[in-house]
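Shared between the two complexes below is chain A, which has chain B as its partner in the first and chain C in the second.
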Partner chain A sequence: MRVELDEPKCVAAGQCVVVAPEVFDQRDEDGVAVVLEEHPAAELLDSVREAVAVCPAAAIRLAEL
Partner chain B sequence: MKRIVIVGASAAGLAAAETLRRDGYDGTLTLVGDEPSPPYDRPPLSKQVLSGQWDADRTALRTPEDLAALGLDLRLGVAAAGLDPATGLVRLADGSTVPYDRLLIATGVRPRRLPGDRVAHVLRTLDDALALRDRIGPGQRLVVVGAGFLGAEAAAVASKLGAQVTLLEPAPVPLAHAVGREVGQALAQAHRERGVELRCGVTVTEVTEDGVRLADGEVVEGDEILVAIGSLPNTDWLAGSGLTVDDGVVCDEYCQAAPDVYAAGDVARWYNPLFGTSMRIEHRTNAAEQGMAAARNLLAAPGARKPFTPVPYFWSDQYDMKIQAHGYLRGHDEVAVVEGDLAEDRFLAAYRSGDRITAALAVGMPAKVVRQWRQVIAVRAAWHDAVPNRP
Partner chain C sequence: MSTATDQTQPNDGTELPDFPGTRSPRCPFDPPPVQAGWRRADGLTQVRLGNGHIAWAVTRYDDVKQLLGDPRLSADGHRYPQLMETQRHGQPQAFPRMDDPEHSRIRRTLTGEFTVKRVEAMRPHVRSLVNRFLEEMIAAGSPADLVRAYALPIPSLVISLLLGVPYDDHTFFQTRSATLMRKGTPQEERQAASGELFGYLLDLVKRKEREPGDDLISRLITERVVTGELTHHDVAMNSMVILHAGHETTANMIALGTLALLENPRQAARIRDTDDPKVVAGAVEELLRYLTIAQDMLVRVATEDIIVGDHLVREGEMLVSGLPSANRDVVFETADALDFDRDARGHVAFGHGVHQCLGQSLARVELQEALPALLRRLPDLRLAVPLEEVRFRHDMVVYGVHELPVAW
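Moving on to the complex of A and B:
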């Protein structure tokens, strides 16, 4: 599975970092999300799916490879 | 449990549907939406869509493939018209009925209107945004009634597009009831500095052919009028259902409104134990979070349900300013600027209710710095610990 971030959509809410801090961070300057783990380990996928669901900009997608 | 019905196909309803599937529910899942479009996102309507930066397609919340993968019984373009909890039936506007074992209500809100405002714009749906977008541009006179967050965002976009914008607000200071007087004044000043004519303390009584009429009889002329004076929960269809409706569908801390009936999103008024009060939150983030929480409680065995205790979050983009707030600002007792300067559009303000810090609002501050306050609010920190050196 691959984490896809539609960066221009990101609104810098940081909800993804709250639910999946191992996979996401925010840029210091503008708060836009950064993907730390593009191919997260299996045990992290639930939290990534949570981040996809909670993202208020629908900017994150978990794609099948 | 074989049949779950979700009424409302926007952010909250979609989040609920996805959560039910993700958590293993494989029965019939009906998603009813009154708009014909597949679920789309509303915050961009008053920002990127209104400015013309985004096409309508860009607001889709999910790709057609991701939506299809949910295996929904999708009923779009038809509103719910009635509910009979005794028989477990939702009646739709086309006369059909949908049976349910469990129901989730996420019907959202609709704009409040003014007398005569059929000729005016409102801004809630994609069609609303496209209609207004096509009518604002250089030299056009736009009158925005209501300087809340929606009106302020629209005014900012229209002003940047070269329109001549008049922003009318009945309160002496815009948003003072929500963000406090000082912060409201700072936001008001930002509009004035960018050429928007902001008039406070004026009440609009009706929309006329060529503008709006104020309470004192004056007519403020405009080519286009946008009415942005708040929202009303979409609960009319619940009349006679026995559900308690009081500025929203009244729910307990589990987002439950009645046996087998839950609610989420803008339409839900639930008891949030973290703040010890009932609240109805019209924030985009809450729609997703509450949709997920209500869906999980709907599926859970009795005793396994969890209270929904979020720290609310919202943001607003106006000109080059990003406004972000964590917490519950309403009814606060004190506001303290703890970083930056109100006059420079760069500050962080903390809000006290009783002896606790209950919210933090920032303009032009790094998002990561602002987000640290979320945890402070979530642990119910005392005001004098969170904001030291205050009298």
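Moving on to the complex of A and C:
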């Protein structure tokens, strides 16, 4: 599974960082999300799915590989 | 454009229900019962807003998320003045009333100030402010009005610190913003206060240009004004927006949250008796969902015809999101109960889409600090009047209480 972020869509409210801090961070200068773990371990996938669900901008996708 | 205004003009011929409707005096924490009816019956319902304009009330969770995430809806107050009139005029054009790309251009100059990391770094300062106001309230003696003594001063000082308002100016800053936010303030007085505050902020911007400090305004000057991204005027305007959107909202959440906890002592004990920040964070999410104080003013205009469920919303028609109702929709099990066992994440108390609350991480930290500190320091805290005598903010943009008399 690969985490994909549509950067221009991100509204930088940091919801993904709250639910999946191992996988997401925010850039210091503008708060736009950064993917720390493009291929997260299986035990992190639930939190990534939750990030996909709560992201207000629909900017995160979890792609099947 | 003409169709846009025509269709939302006050229409005396029809008997439309008023938005947001009246809450039941017996359930002051629940959204107006009429909204639950609309949610179950039809999804979209035509209503009359406080300013007489007609809008579609959106009350289902899925519809609210779909619509607030839809780029075909506009929040542009220039293009659609009826969006501003909902606010009873007042503020000049600012980014909450703009569409992308301009909205996002300005918003992104601020988002770096509100990242989770940045806000966590502010937590110790928030905590010491919380303790200070708590001790001052206790020193002044029981009973007290929790709104004045605790709920309002915390966000007010947090925003002053964030912006870099010098300590000596706090009183000026606070009295002007209080005048601006007070419901009964006559229009002329409101404009005067708004002018004074804006003038003050413009001066402050120039002062910070000469002597930058470790604060938001200084950073906007050194990082954005010098590059030409923002003007001095923009920086003062953004500061006004942050003050305006971050002060009463957080204050009302602290006060109404306290009242909800006093009325639900078993849930309150969960917060008081834990030292696990995760439990507190989860409880705050549930309080945000359960209380959803942003009860009005979530307005947009359709820029083209849009189908929502069985309804056709025509170009130029207005929509208003009923966030309190959406957060009580069936996606949350036993949604009308305050339940700290539930996972409330995914609620829409901060809105959804590109305008979702810029200050939400800061609001969370303020609530996570203010509520447990109060319960722990004053385990005997109680309401000093019967619940029926508490004055709720029924006809305000943001729900809450006008005063909260408490004793301990």
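Here are a few things to note about the model shown:
We adopt the following convention: the second predicted complex is superposed on the first by the 65 of 65 C-alpha atoms of A that agree within 3 Å, B and C clash if a C-alpha of one lies under 4 Å from a C-alpha of the other, contacts with A are read in each partner's own complex, and residues count from 1 in each chain.
The rule we apply is simple: contacts are C-beta pairs under 8 Å (C-beta built on N, C-alpha and C of every residue); 3 or more make two chains touch, one makes a residue touch a chain.
The model shown is predicted, which means the values in this text are computed figures rather than measured ones.
In the superposition on chain A, A:R49 contacts chain B only, with no contact to chain C. Of the two partner chains placed by superposition, chain B and chain C are both touched by A:A58.
Residue contacts after overlaying the shared chain place A:V17 against chain B and chain C alike. Chain A residues 11-14, 17-18, 26, 28-31, 50, 53-54, 56-58 lie at the interface with chain B in one structure and with chain C in the other. Of all residues in chain B, those touching chain A in their complex are 11, 15, 18-19, 22, 41, 43, 58, 60-63, 66, 284-285, 288-289, 292, 313, 315, 322, 324, 366-368, 370-371, 374. The touching residues of chain A, when paired with chain C in their complex, are 11-14, 17-19, 25-32, 50, 53-54, 56-58. Listing the residues of chain C that touch chain A in their complex gives 69, 104, 107-109, 111-118, 223, 345-346, 350-354, 356-358, 360-361.
Interface of chain A with chain B (complex): residues 9, 11-15, 17-18, 26, 28-31, 49-50, 53-58, 61.
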